[in-house]
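Each of the next two complexes has subunit A plus one more chain, namely subunit B in the first and subunit C in the second.
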Partner chain A sequence: MANILFYIALFLIWIMLLYHMFLMQGGYLHFKTFERVIPEWEKKMVDLPTVSVFIPAHNEEVVIGQTLQAMSRLHYPKEKLEVIVINDNSSDRTGEIARQFSERYSFIRVLETEPPNKGKGKSSALNEALRKSSSEVIVVYDADNTPEKMSVWYLVMGLVNDPKAAAVVGKFRVINAAKTWLTRFINIETICFQWMAQGGRFKWFKVATIPGTNFAIRRSIVEELGGWDVKALAEDTELTIRVYNKGYHIRFFPKAITWEQEPETLKVWWKQRTRWARGNQYVVLKFLGQFFKLKRKSIIFDLFYFFFTYFLFFFGVILSNTLFIINLFYDLNLSIGNVALALWILAFLLFLAEVMITLSIEKAEMNRTNFFYVILMYFTYSQMWIVLVVYSLFLEMKRVLFKQEVKWYKTERFEQKDKGEKK
Partner chain B sequence: MGRFLNTNKQTLLLITILILLLQIPSYFMWDYEREGILLYIFLILLIIVSLILGTVTGLIFSLIFIFIIGSALIYFNYTDSAIANSFTMPIQLFLVYGLMLIVLVLIGGRLQEVIIAREKLNQRLQEEVRNFIAVDVETGFDNNYRMGITITEEMMRVDRYGKSFTLILLQIDHLKDFNRLYGAKETKHLLQGLAQTMDKAMRLTDKKFRYDTDRFAILLTETGGDSIDLVIDKLASKIKTHQLLSGKYVTLTFRTGYFVYEPKLDTSYEEIISRVESEMVSHEL
Partner chain C sequence: MRWFLMNYKRLILGISIIIVMCIQSIPTFASVSKDQKKPAILVVYQSTDGIANSDTLFLEAIFAGISDQVQLSSVQQVTIETIKNIDVVVFVGEDRSNLPTQFLNAIKQFKGHLIALGKNAEQLPRFEKWQFFGSKSLRTLDGEPLSKLMNIEYVKPPKGSEVLVEGTNLNDKYPVIVKDRNTSYIAKTNFLSNDNYILSRELFNLLDLQEPIKHLAYIRLEDISPISDPKLVKETGEYLAQKGIPFYMALIPVYVNSESGEQVQLKDNKELVKVLQHLQSLGGMVIAHGYTHTYRYTETGEGFEFWDSINNQKISSISASDDPIKMKKRADFSTKEAYRHYLGSIDEIEKKYIEDKIKLSIEKLTELKLYPISFEAPHYAMSSTGYDIIAQHFTSIFGQVQLSDDTWKRMGAPLMISKPSLLSDMTLYPETIGFIDPSRPEPLKEMEEKIKKVQQVPGSVIGGFYHPYLGLEYLPEMVSLIEEVPNLEWLDLRKSKQIVQSENIMIQQEDGELKVVSHIKWTDKVKQRMGENPFEMVLWILAIIVALFVIAFFIYVVSLRTKLRKRLFEERNING
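And then the complex of A and B:
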């Protein structure tokens, strides 16, 4: 029995590694080809749509100034652009700082949330702005983001040239990557997520997930879908599934780049990632339960990815680790012997090679320092995720069983220096 | 220059590290007979791939190789095959082998990048030198490269501001034979003499070029086609007789042609040269 379970666990892990290899190839190919359309696409950028940039902000005084400074530098006709800072129940100087910018720049305005959308989290804040704006395209940025000058231009370019795309998502990079060992790990993780999960899935399956920031979506689609789901902790993933289910697709266009701040301490990281994990688990369970009602069965690729990542893969890792540890104390008659260790080593080497290939896509990220961080990451950061997924699953089950209300955790920010336009 | 030398040092350092690190797996692998030799051969092949095709390709092939080994191990172990039992290499050594594989592929790829970058730097420096030296050493006239730029600019100027210019091409007949008969020194003296005579015969504003071994061009700015034949005849009469260093006189023959460029003509620099050269007339005097 132990042998069978061990083989099942190995099989799940090995399949996931193969899938990631496949995604990594796709991501690399996408990197090599995605810019070729731009000269042709530029020709259609004449009759531009009106754009509203939503920036939900709750107690963001540390970062909002820098963010709005970046917004003031956006390359887009100012008569067709408005930047709306959605000041959601802030008790700090967020509103004051935002109003200073709105006095200086006519296209920036501040919107105070009102009941019933007040203080209820990001989804509610976005819905509030949706009601009080009228542009054709909505772009969303988190309050800690500093988008590059051309990011909104490229997001809109994707929508203008791909009429079947409901949304276009860009790429995000870590502005404080060199700050701590944790932010270095997160930097590597985000690069892998962008190019493997987003780029790879888009290349092979024409599927991408809205990442919550640096994306543009057609207003008509958001209104058709009834806005953002206020019960979802991962409102971006939840919106993605509904967009696909309506028959549209989401384009991954990494030419649009934003720089965002990542947690610098473990405590903040834990809370943020627990929210994400719970949010994604909620989405997977919600839509898998409705699988037969889904109009676009191809969305199963997206659901499959999250299901596999959050359930099967981690289940496989936990199971194999558990059996391995038990076998140290009690002979389970595991027949796999040394081969299991060899496979463990091979899995580590696959991880190392895949991540190094993905890092080569971003200039200067494939270097000696990151090589050693990737090795360290396998034994630390990646293992932390296992614990986090189990913990978030426990919290999610508790919420469902005891019918608890979802509480939005606001990620704490850290002081950053404005580095201006990043290349 | 500093950058060039640093690139050389970096290349040599990477080659040294690669060769030294290759000794580590070779020292241990030979003890494991068939499986050790096989793994070592694959290691060499993957390094060669990264040296030729770069880091990413090397890593992709390494990835496929690692995955195949792992899948084979799972399969043979699951089917209880004898092959699985013949895997005798210690786990620690296997881990070292795997890490060395990735590290050596990365070094091989880095070496390839450095060599390619050096090649590109060489090409760029050569291009800069070509741009910098635009003068023909023997005559002091601008060379072919500068001629193309100057005439193209003049065409654009005429298109924008009007007027016209005339381009005269002149080819010395039998220059190779002259060189064979009289030697390199006399040939150099001939070319220098021709250049001096052309300089004196033409206006200061006329631009002179030597665009091939035996070919000259004269750009007459703000000049139409009227009386160009007289200009050419006058030039030819001045240069037809040449005194050698030995004191002897020789008669030279030339072929000439000309083109009058007027505003908004639908032609290119290359087409002008090609057309004039094909219409050249001999001036045997």
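And then the complex of A and C:
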């Protein structure tokens, strides 16, 4: 019995690890090739589409100024660009700061949400802006983002040159990486996510997850889909699946870069990630329910990936850990021999190698400090995920059982005084 | 003078001690003393189907105990030519019928010892003066009461003959073994069970052979499997080693759990392997006791391995998961040819099955540096086909002999070391005194009785086994019971010549030296492991693939690092 359970655990864990290995290979290939098309693509950047940049903001006084500063510097013909700050029920100076910018820059405007959509969260704020704008392309940024000058240009470049792409997704980097041990971990994690999950999936399946920020999407498609799902906690994952199901692909174009803040304290991190995890669990359950109705079967792969991440993989890890602990006190007579040890070591080396590749892609990230953080990460940060997923599963179950309404938790922001000072 | 006398006495004493020592150290491989020439014996059987039955086979085995020149032949095949160099003809009459003239003519010319058993002896010229009266039944034999009536042939021997063994029924006495110079008659043919002792005891007398004085003895530590307790094995083995007793360890390389079908390999019980290697170095000799001690999913040590005990038939399917199929009978076939063809196909299956298991058993043990020098079939059960195959790999076998291809229940052991024809030239080290069974009320007492009985037969082997899971609870008493037998010598196969071989391995035991040559290829090992634990093998393949990717990934890292300097700085560098 213990043997069968152990093999099941091993099987679940390694399916996941092998898939990641496969993605890493794709991510690396994508990195090697994605820039090659740019000279050719630049030629088509003549008759440019109109672009609306949506910035949903709810009590963002700490960061909004900085964000709009970055927006003002965007490289894009100003007559074709509008930046819309969607001030959603803020009780602080968000609206005031935004208005100051709108006065200074003609292409920036502020939109106040109105009842009944007021204070309903990100999805409904985005829907509001969708209704009140008319550009051909929509770009979304979170209120804490400072996109690089060329980012919108590259996002649009992707859409112009790739008619099959419903959306183009850029890369985000962590602005406060060196601040705390937590942000260091998050920094490493996001770099990995971008190149493995985004880069790898795009390379092999022509799909990338639309993140909450730094992406461009065609208005026609958002409208066709009926806007954002207001019930979804993770509106991005949800949108991704619907877009993909329509038969479009989603391009990951890491040339478009934005810098964003990550939680500096564990408490904030915990709340943010719980929302993500629950959001993704919601999506998995929503779409697994309509499994056979999905038009594009290849999305099943992606859904399955989520299903694995949030259900099976963790089940496997927990099972394997439990067996390990029981075996310390009570001999389970596991028949597996050295191969288990070999696989354990390989899992660690694989993790190390994958993280190191992605860090190496990002130039200065592959340094000594980060190397030790990567090793530490395997035993700490990565394990925290297990607890988190279990916790969020518990919350989701409670929600379904007691029919609770979802509440959108807005991630707390931290003031970034001077980026140059950070070490 | 006094001084001289004293020294003279000492000299005599010294010489006599040396002489005694010399006598004791004469090797006693066979029970017959060396200077006497072993008689050439021909066992002739007569049966309706022309095939030797189990009684005949057992008789042949008993005679094989006193001579290494024993032949077995059907009465149809005997000619003047074939018995020209024969010293003893043993005629076994199974069914009442007319004997072929060719045989009668040959016997007429024959001048040596003639022993006739059972029926049809009256047709032999030498028995002209004997009177036969058909079957009678006995209630006692050799002074002992019988639990069942026993059928014998009633004979009146001629005057001057000597009745060696006699039976009674109420007031009537009947001769059972009779000797008239070089002609003898035995009134029955079935000597399985206790009658074995009587016949074996009288053989020397019948053939005018000198009775051997010595008894060889052995103790086998039985059923040592991967789940045996290393402590108990160590305890029992070391006890025997300390007493200077060469002992035997019957090893089963794989344990099969009857419930899950799960296999445990001996190599996985590292402590036990160490103990066994240690005991081997102390003089413990390894006997390959099958491979799993199971056929299908019966618990290791409980099940038969080379016999289908559920259907009581030979092995008829290779895979353990196949349903046991009852073998077909002659009546199921329209022609004899079809039936023979069918039997041939079953034989092929059985051969392959046994061949594979034996190969694995030898190789698994050798891999662990435990070198088998002999074989023992689980429950001693095996068909004649099985013995043929075993004989290709081993030169000796321990235990008893299954005498029939139709049932494992016809089984027995002659009391002396022998090479019965059924065993295709293998030497049999017979198990004669059983084992300590703690479920019996008085296990030691039972063994004592058996030993007493066996030791009455000159030159008999006192062979028994002991389960190490019993620890030392009975072992010291068992040893002292055996050692009470006068003129006892412990059997030491290290002094004998043994060869054990498989396709890739050759183990030679000769003059106290053990030579091992092994040519197991790694591909074979991989194949084997694949069969044992395919899942683990898949995991190893997975590990190799992952390792290759890890290597590739590290190469990417290195290549990225070297190209890093050449790349333009396009992104902000957050870390300064």
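Definition applied: the second predicted complex is superposed on the first by the 411 of 423 C-alpha atoms of A that agree within 3 Å, B and C clash if a C-alpha of one lies under 4 Å from a C-alpha of the other, contacts with A are read in each partner's own complex, and residues count from 1 in each chain.
Definition applied: contacts are C-beta pairs under 8 Å (C-beta built on N, C-alpha and C of every residue); 3 or more make two chains touch, one makes a residue touch a chain.
All figures in this text were calculated on a predicted structure; none of them were measured in a lab.
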Fit or clash between subunit C and subunit B when superposed on subunit A: clash
Partner chain(s) touched by A:339 [first = subunit B, second = subunit C, both, neither]: both
Subunit B versus subunit C as contact partner of A:363, first or second or both or neither: second
First (subunit B), second (subunit C), both or neither touched by A:354: both
Partner chain(s) touched by A:403 [first = subunit B, second = subunit C, both, neither]: neither
Which superposed partner A:36 touches (first subunit B, second subunit C, both, neither): neither
Contacts of A:371 with subunit B and subunit C, given as first, second, both or neither: first
Dominant contact partner of subunit A by residue count, subunit C or subunit B: C
Subunit C region in steric overlap with subunit B, selected from 255-263, 309-317 or 543-551: 543-551
Common interface residues of subunit A - those touching subunit B in one complex and subunit C in the other: 7, 10, 14, 17-18, 21, 24-25, 28, 335-336, 339, 342-343, 346-347, 349-350, 353-354, 356-357, 360, 366
Interfacial residue positions of subunit B with respect to subunit A in the complex: 55-56, 59-60, 62-64, 66-67, 69-71, 73-74, 77-78, 84, 87, 91, 94-95, 98-99, 101-102, 106
Residue numbers on subunit A that touch subunit B, as the complex places them: 7, 10-11, 14, 17-18, 21, 24-25, 28, 335-336, 338-339, 341-343, 345-350, 352-354, 356-357, 360, 366, 371
Partner subunit C, residues of subunit A touching it in the complex: 3, 7, 10, 14, 17-18, 21, 24-25, 28, 148, 173-175, 177-178, 257, 259, 335-337, 339-340, 342-343, 346-347, 349-350, 353-354, 356-357, 360-367, 419, 422-423
Subunit C - residues contacting subunit A, complex: 262, 264, 268, 533, 535-536, 539-540, 542-543, 546-547, 549-550, 552-554, 556-557, 560-561, 564, 567, 569, 571-576
